[in-house]
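The following blocks contain the structures, represented as structure tokens.
Here come two complexes built around subunit A, the first alongside subunit B, the second alongside subunit C.
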Partner chain A sequence: MGEQMFGYEFYVDPSRCIGCQSCVNACAECETHRGTPMIHVDFLDRANSISTVPFVCMHCDDPTCAKVCPADAIKQTEDGVVQSSLKPRCIACSNCVLACPFGIPKMMTELEQMMKCDMCYDRTSEGKRPMCATVCPSQALAYVPREQIERTRRDKPTNVFLFGKQRVTTKVFMMLPPERDALSVDVVDYMWEAKHESAS
Partner chain B sequence: MKAHRNPEPLWRDEFSIHTADERYVSRRQFTKFLVLTSLGMFAGNLWILLRSAFSKTPVYSEQSICRANDVPVGGVWLFRYPSEKDPCILIRPDQDTYVAYSQKCTHLSCAVFYSPEKDRLECPCHEGYFSVRTGNVLQGPPPRPLPQVILERRGDEIVAVGIATRKET
Partner chain C sequence: MAKPPLPIETLIDRYGPHLNYVPPGGWRDESRHPAEKLVKTHCCFCGQQCGIQLKVRGNQVIGFEPWEEFPFNQGMLCPKGVKRYLQANHPDRLLDPLLRTENGFRVATWDEALNFTARRLREIQERHGKDAVAIFGGASLTTEKSYLLGKFARVALGTRHIDYNGRLCMVSAGTAYKLAFGVDRSPIPWSDIPKAQVLLIAGSNVAECSPITTDYVWRCRDNGGKLIVIDPRMTPITRNADLYLPVRPGMDVVLLMSLLHVILRDGLEDREFIAKYTSGFEPIADSVKQYDPKRAAELTGVPPDSIEKAAHWFGEADRAIALHARGIEHQSKGVENCSAIINLCLATGNIGREGAGCSMITGQGNGQGGREHGQKCDQLPGQRQIDDPDARAHVAKVWGISPEEIPQAGLTAQEIMNAIHAGEIKALLSMCFNPLVSLPNADFTREALEKLEFFGVVDFFLSETAHHADVVLAGSLQEEDEGVAANVEGRVIHIQKAVDPPGNARVDWEIYCDLARRLGKEKFFPYKSSRDIFGELREASRGGHADYYGITYEKIDRQMGVFWPCPSLDHPGTPRLFEDLKSLHRDGKFRFLPTPYRESGDPVSEEFPVYLTTGRVVSQYLSGTQTRRIGALVDQYPEPRVEIHPRLAEQHGIKDGDWVSITSRRAEIILRAMVVRTIRPDTVFIPYHWAGRKSANKLTHRTLDPRSKIPEFKVSACRISKAEKPPE
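Here is the complex of A and B:
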């Protein structure tokens, strides 16, 4: 079964999200973390828009969360999936929560452990699609081969994100308008730096 | 734009974030390590035991130190015994008593001196005090008494004949 999943990638398309919370509920049903969804559906700009975005872990190639972990609790597997924290090691310091540029890790205070999306490692490692991608009715979350996404979507997938001066490449793709190559996110520090540099 | 990241620090080798690079120690390896280490400890202890069982008591030569009247009451006489590298101190606390000790403090080998007012041997480095009569530790960090030089009086002469062996306290 694993062979059949070769070439499958995870694609997130915020423009398709209808905010139905199917992914959240499907995620919460998983027996590895029952009752606690590892995916978040957030409103983009609640005051002015009803648009929503699902947030799964982007599985950075060079994961900031793992690099800041003082307890060596976050590991990246050979296939590029950044795992949730290891229970015996996590010291609930919230370093990863603060460091993640996408804001994915969440501290489970009652468990004293950080938990985050691991791309349903129990499923994807044995050839099943991630739970959220299987239930998303609008396929805002899609786990499909590259050819399929290119054939069926106008938007262009990218896995390059610019947070100020930090360039982050990820395993998960985000669908962007065709004219964009990378998603640039303004970071307050960066904005301040730019202003500061131009002034001097 | 600073595109280059700092090179990975050395400790990253040991604590890699990649599961493939993790040096996993299995229970069997750990048990082996424990067994071999205990075996090493046992062999070491056995060696120490055998060495102490077969060790000979050292023989000390006799050495004339000084004449009895060379040392005033309450005074000291420095000498070296049994070899040139072992400084010793002879003390005459009262008219008929002569005692001699190694001058090296048993803590960190500073030279001890005699304090006639307090009637004790004092180590100035860490304030270790020794009894003049027995060489026992009165106060401070020294772990055991000063080795005592056994003295013999031959007429007018004071002769060192050996060093008293004492158990650690």
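Here is the complex of A and C:
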């Protein structure tokens, strides 16, 4: 692995996830927040399926968490990594926690600070891959060159997400079936699902 | 006699399992006191044997760093691998030998403990004969230790009874592969998996039991391969299956024969391959005629269309691979199930080529290496048969004894426990084995342990089985000694010593050498290091199928592992077997083997109408001796739950989270329900990692495969009902 991770990008492929929580456990080994994982893995609907999905910060180009922060405590690095709140500024109001479309930030009440995945800044700046993407046994989380993902995966990366009318673009890519360009999540989807559940 | 000297609760208070959550010095300590060195070694748990770097400071393992250059896993680790370092510096760690007293265990000196052990073994052998003493080993031991244990039993004790916990793991596959191919090893390196066009996975919860293999499977699919999964449960690997065949427990052999039926009916077999390179095809072709997809569907519960489709995919592919694990092997017809997989591959010419073949997914850390060099009751080093006069002569020469002095084959693990229960075996010396949790019918195992006149244990934690011990010899963790292991592929890897054993705990092989000295056999155990043992093992294996002669520690480090056989120092090793399309049988043919269906030893009935199957979860390992002591792993799946399909649950008024009584012909246990649609409605599943009243193996039965002697963990009969209250 080179000194710099030039050309490497972060890819999330939920369809590969096996729910093993290796990422969660490895995240808790990261030096900057050792003992506290910044990732979570959820079953989508355990009663009906074994499908799981890992959540890491997507590192939005124009992060909602930062936009709603009344204390201007959430900053991006030059290369687009959205960081945990700045301790001196953070007022622990949880606006970011509520507003993030991906549900990523965690309010650490005992620290009075929001903490989140910073894509292992301490590791990538030393030429190491992020902890979670290094250990992930299914490579649902992968930190590899774009060329490699295009050559080796059936699915296609996107970084465009539509939450109703909000269009979010991100530094982290999500793998989608080749026929889809963007991931759209609309309230209507949930209305249908609710109706479906009550009918069954 | 050997009842626990104190109530179990008191023993647990004292010796655990307690939960270790944080590294030495706390989470923040490493930033103040960084690691002094990174030791490139391997995970101590499963047969994947992932490369990992342990962070070491002041003779303590304080964390880990992925080892991305190691080719098998390239830095990948499952949660057990990530948290494995927390077994070191554990509060439950045994730091001294223990002797049993009227009121518990007391710390003893090594002299006391070893003298006592040697005296008791000698007394019992003098009174009841050599074979009144049995040895248990385990497949987490390095190959050096496995080899040493085999030699210790046969040379120091002169008993024929030595077997190991791999008897609960790899023996059905091993038997079938030896019968068909003449050798017991995965024919393929794992790098072949992504190259297959069709991948059939039978009875293997890959994602939870061999997690790193998941990426190989997904890469196969990304390359356009089709994935077929055979399992009564939808395990995580089924989320991307192109075809899922939800087989009824114990019916795998019928399903596999039906696949061959369709392949032969539709002319998809490789006739030239069959004619040139195999023997025994005709009777097999006849035997599968009875299982047309319609009949097979009735028996297996798999729809006929799915059988047709799977057979066509497998038969039409140029390159197909079939992987299998304990799901089909833990049956009273485990050997037949594996043989049926092999028959499929032979009929379609899928062997000895890149991206084609079959393989068992070895479960335990050194499941492969640990079964090759002498702790299996019927084998001598080099995977030699103990009843082969040439093998006996070769090994006797290396050992410096006469061939007649080597005892003949002894009993297998469960049979040893049966013989203890029957009073025929009076003493047991056990290392790396927790039979009270891992053998079937735990109440029977407990009764047997209570009958032992002498029970010695070598271990680093006090397992539930060790509660019954007269003496416990504080041994070493994997990271406290050097040696080799062979991973799932047959790749021999190098376990590096990272730290010394703490307190007065000792390296395992030294304990056995000291015992041998006290038994008057010092001259046969002159080793000063693991390296000395490995040197002798190389000679002992020389010329055998599992030939390690050309392997050295340095060569392993240089090549990142060496695949056996490796007969000479300039030989690179053998990643793929049978590239010359010859088996290791004298005639060089691959053998088709008969696979008749037999009923389970514990059939479902009116009284016990539900199938019970057992297995593992990703965060725990085997009997949990290590992983039930690691906080994060326990939090991930704190205790066993019984998986029930909603249709079955509804019949009994059971809701998710309710307490459920599960009763088999042997026992009842009460667990919380996990109501999920991802299991067959006629089957319940319980993971087996726990002891006492949470033990799935209280329910299972002692029926063995007649050849491999593996217990039938995967098929039992039970009934369920809603329990009014939690267990007492």
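To be clear about the criterion, the second predicted complex is superposed on the first by the 182 of 200 C-alpha atoms of A that agree within 3 Å, B and C clash if a C-alpha of one lies under 4 Å from a C-alpha of the other, contacts with A are read in each partner's own complex, and residues count from 1 in each chain.
Operating definition for what follows: a residue touches a chain if its C-beta (ideal position, glycine included) is under 8 Å from a C-beta of that chain, and two chains touch if they have at least 3 such contacts.
Because the structure is predicted, anything quoted here is derived from the model rather than measured.
Novice: With the two structures laid over each other on chain A, which partner does A:S125 touch: subunit B (first), subunit C (second), both, or neither?
Specialist: Touch partners of A:S125: none, neither subunit B nor subunit C.
Novice: With both complexes superposed on chain A, which partner does A:R167 reach: first (subunit B), second (subunit C), both or neither?
Specialist: A:R167 contacts subunit B only, not subunit C.
Novice: Report for A:N48: first if it touches subunit B alone, second if subunit C alone, otherwise both or neither.
Specialist: In the superposed model, A:N48 contacts subunit C only, not subunit B.
Novice: By the touch definition at the top of the document, which applies to A:S184: first (subunit B), second (subunit C), both, or neither?
Specialist: A:S184 sits against neither subunit B nor subunit C.
Novice: In the superposed arrangement, which partner chain does A:D72 touch: subunit B (first), subunit C (second), both, or neither?
Specialist: Touch status of A:D72: first partner only.
Novice: Quick check for you: in the superposed arrangement, does A:V135 touch first (subunit B), second (subunit C), both or neither?
Specialist: second
Novice: Which holds for A:T158: it touches subunit B only (first), subunit C only (second), both, or neither?
Specialist: After superposition on chain A, A:T158 lies in contact with neither partner.
Novice: Counting residues of subunit A in contact, which comes out ahead: subunit B or subunit C?
Specialist: Touched residues of subunit A are more numerous for C.
Novice: Please identify the positions on subunit A that touch both subunit B and subunit C, taking each partner from its own complex.
Specialist: Common interface on subunit A, subunit B vs subunit C: nothing in common.
Novice: For the complex, which residues does subunit A have touching subunit C?
Specialist: Its residues touching subunit C are 1, 15-16, 18-22, 24-26, 28-29, 31, 34-35, 46-52, 129, 131, 134-139, 152-154.
Novice: Using the touch definition up top, name the residues of subunit B that touch subunit A in the complex.
Specialist: Subunit B reaches subunit A through residues 1-3, 15, 17-20, 22.
Novice: In their shared complex, at which residues does subunit A touch subunit B?
Specialist: On the subunit A side, the touching residues are 63, 66-67, 69, 72, 74-78, 83, 165, 167.
Novice: Quick one: in the complex, what on subunit C touches subunit A?
Specialist: Where subunit C meets subunit A, its residues are 22, 27-28, 30-31, 63-64, 66, 68, 73, 75-79, 81-83, 207-208, 211-212, 214-215, 218-219, 221-222, 224, 234-240, 618-619, 632, 636, 646, 656, 674-678.
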